[in-house]
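Written out below as structure tokens is the structure these notes cover.
Order of writing sets the chain letters: A, B, C and D. Residues in each chain are counted from 1.
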């Protein structure tokens, strides 16, 4: 159903062909999700990302008995990608089994921001075909980033 | 200068009296900031919050040699407050020495969300009198929260 | 039962009077624990600490729907204490309802390390009167700390 | 120099052949380290791990402007490995440019613990040929782990 798709990216208006492509990545993220290590929450999340060179990277959530040392699928995909040469995110797709589209936690949004630019595409999806194509500024408005740190005089 | 103040809370339109009050809390957050433990970044942040009963709680950023175990002022204030009986945040004020208003990282926005409702007031401020009065939904739109977790079937 | 108490601090051998005192702090940590915010794990943890000036600070675990943004009782107590002027930990007591004594997660051990010295006393306890009096070096041997960071040439 | 090598694993006594192998992995970790994203600390860390099937996985530290959302090389390697099917760690090698051997932070030790058993080999190394072959119990004695969580009655 078209009503289940939202396009809220401020700069990108996907063509029908790009939409097909994005839907295939959602399927990949859904598949990746099976690898999640989530014995405490039983809440599986999968993530697929493409870097500046078009290379694909994947991530799942990895929980910990301490709870606080749990790391989400999105951050897993991003930091795995850095090891493999990722400099910036072209496209990142999140998938989980929520009722509304899968929504990254604030920590993941912050880490997405470290490697995003205004063209970065963020896709939030769930298992029922619902998804949203959005951008970083829309999910973390007025984010604190590298410039704020370097721009500020030491106090 | 009035141009330095933004009021973007979706439900609350502060009266002149409330504005005076909020400005006094910004001064408190600025004062609290001096207690920050930030030997690595030298970047001091202070936070003051008021809970459902009007009790005040404070927090500063506390860094760690590992970097990753650093905890921000906002989360410090919130978790300190929980120990003292805080159930929900009525008002939270962040202050730091950035050029634009101090902006909470995504992790802090997520933790603010755990204890917020639509009336919660979030104040972002810097040392030059610049500030913004906003709300949780404006800083973490479509947040992942407790309902998403409990509402989702185990996968 | 004396067999339920272990004294493994490398420098401190507590007197009977100090033992009585420590047991009273364990009771405080047990009391504090009731304030824990742990809707996801239902696992309550309490912490009491005394700083260089003998001032007492408290902490409980505060969980988050994201799991990964959960912060433990020990770190809560420490960062709350920093806001109130804590420079170093004299004594820190952890209490939870495990079968063996409550054991801090690695993240908390690391943060304890940032504010510890060889005299710092770490007390691990549970609800059945079992406890251990130990030190930082015993719980995080060969820790990575501030000196490692500053001592290393940038690479 | 043999004095620069320590063998403190409680169960494993490496043969000369295994030592040669381990030294080759240290070189790999040193190489991986170049991919670290560490604009804030300038402190590069590299990690190489082998899983239950002998598959190799790599990780570097990935910092964040927020400091607190920084993730270390060890955790990067581990969570990347989980996505690729890692169930338990056979060998993990950490390398950085400290004076003494590279030492994992407490958070990383905790996450190593989630996937370790008594045979897991932990190798701490630096750039000067100094290294230590140890085990999980030696770096996080009496760790809080999955058993503590499940074993404890909800309180």
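Rule of thumb we're sticking to: contacts are C-beta pairs under 8 Å (C-beta built on N, C-alpha and C of every residue); 3 or more make two chains touch, one makes a residue touch a chain.
Values in this document were obtained by computation on a predicted structure and should not be read as measured data.
Interface equivalence for A-D, evaluated over A-B, B-C or B-D, points to B-C, where over half of the contact pairs coincide by residue number.
Taking the mean of the C-alpha atoms as each chain's centre, subunit C and subunit D sit 25 Å apart. Averaged C-alpha coordinates put the centre of subunit A at 35 Å from the centre of subunit C.
Subunit B and subunit C have CA centres that are 26 Å apart.
Counting partners per residue, subunit A has 40-41, 64-66, 69, 71, 105-107, 110-111, 144, 148-149 as the residues that reach two or more other chains.
Taken together, the touching pairs cover every possible pairing of the chains.
The residues of subunit A lying in touch with subunit B in their complex are 33, 41-44, 96-111, 113, 124, 127, 138-144, 148-149, 151-155.
Within the complex formed with subunit B, the residues of subunit C that make contact are 32, 35-37, 39-40, 58-60, 62, 64-66, 69, 71, 75-80, 82-85, 107, 110-111, 114, 144-146, 148-149. On the subunit C side of its complex with subunit A, the touching residues are 40-41, 63-72, 105-107.
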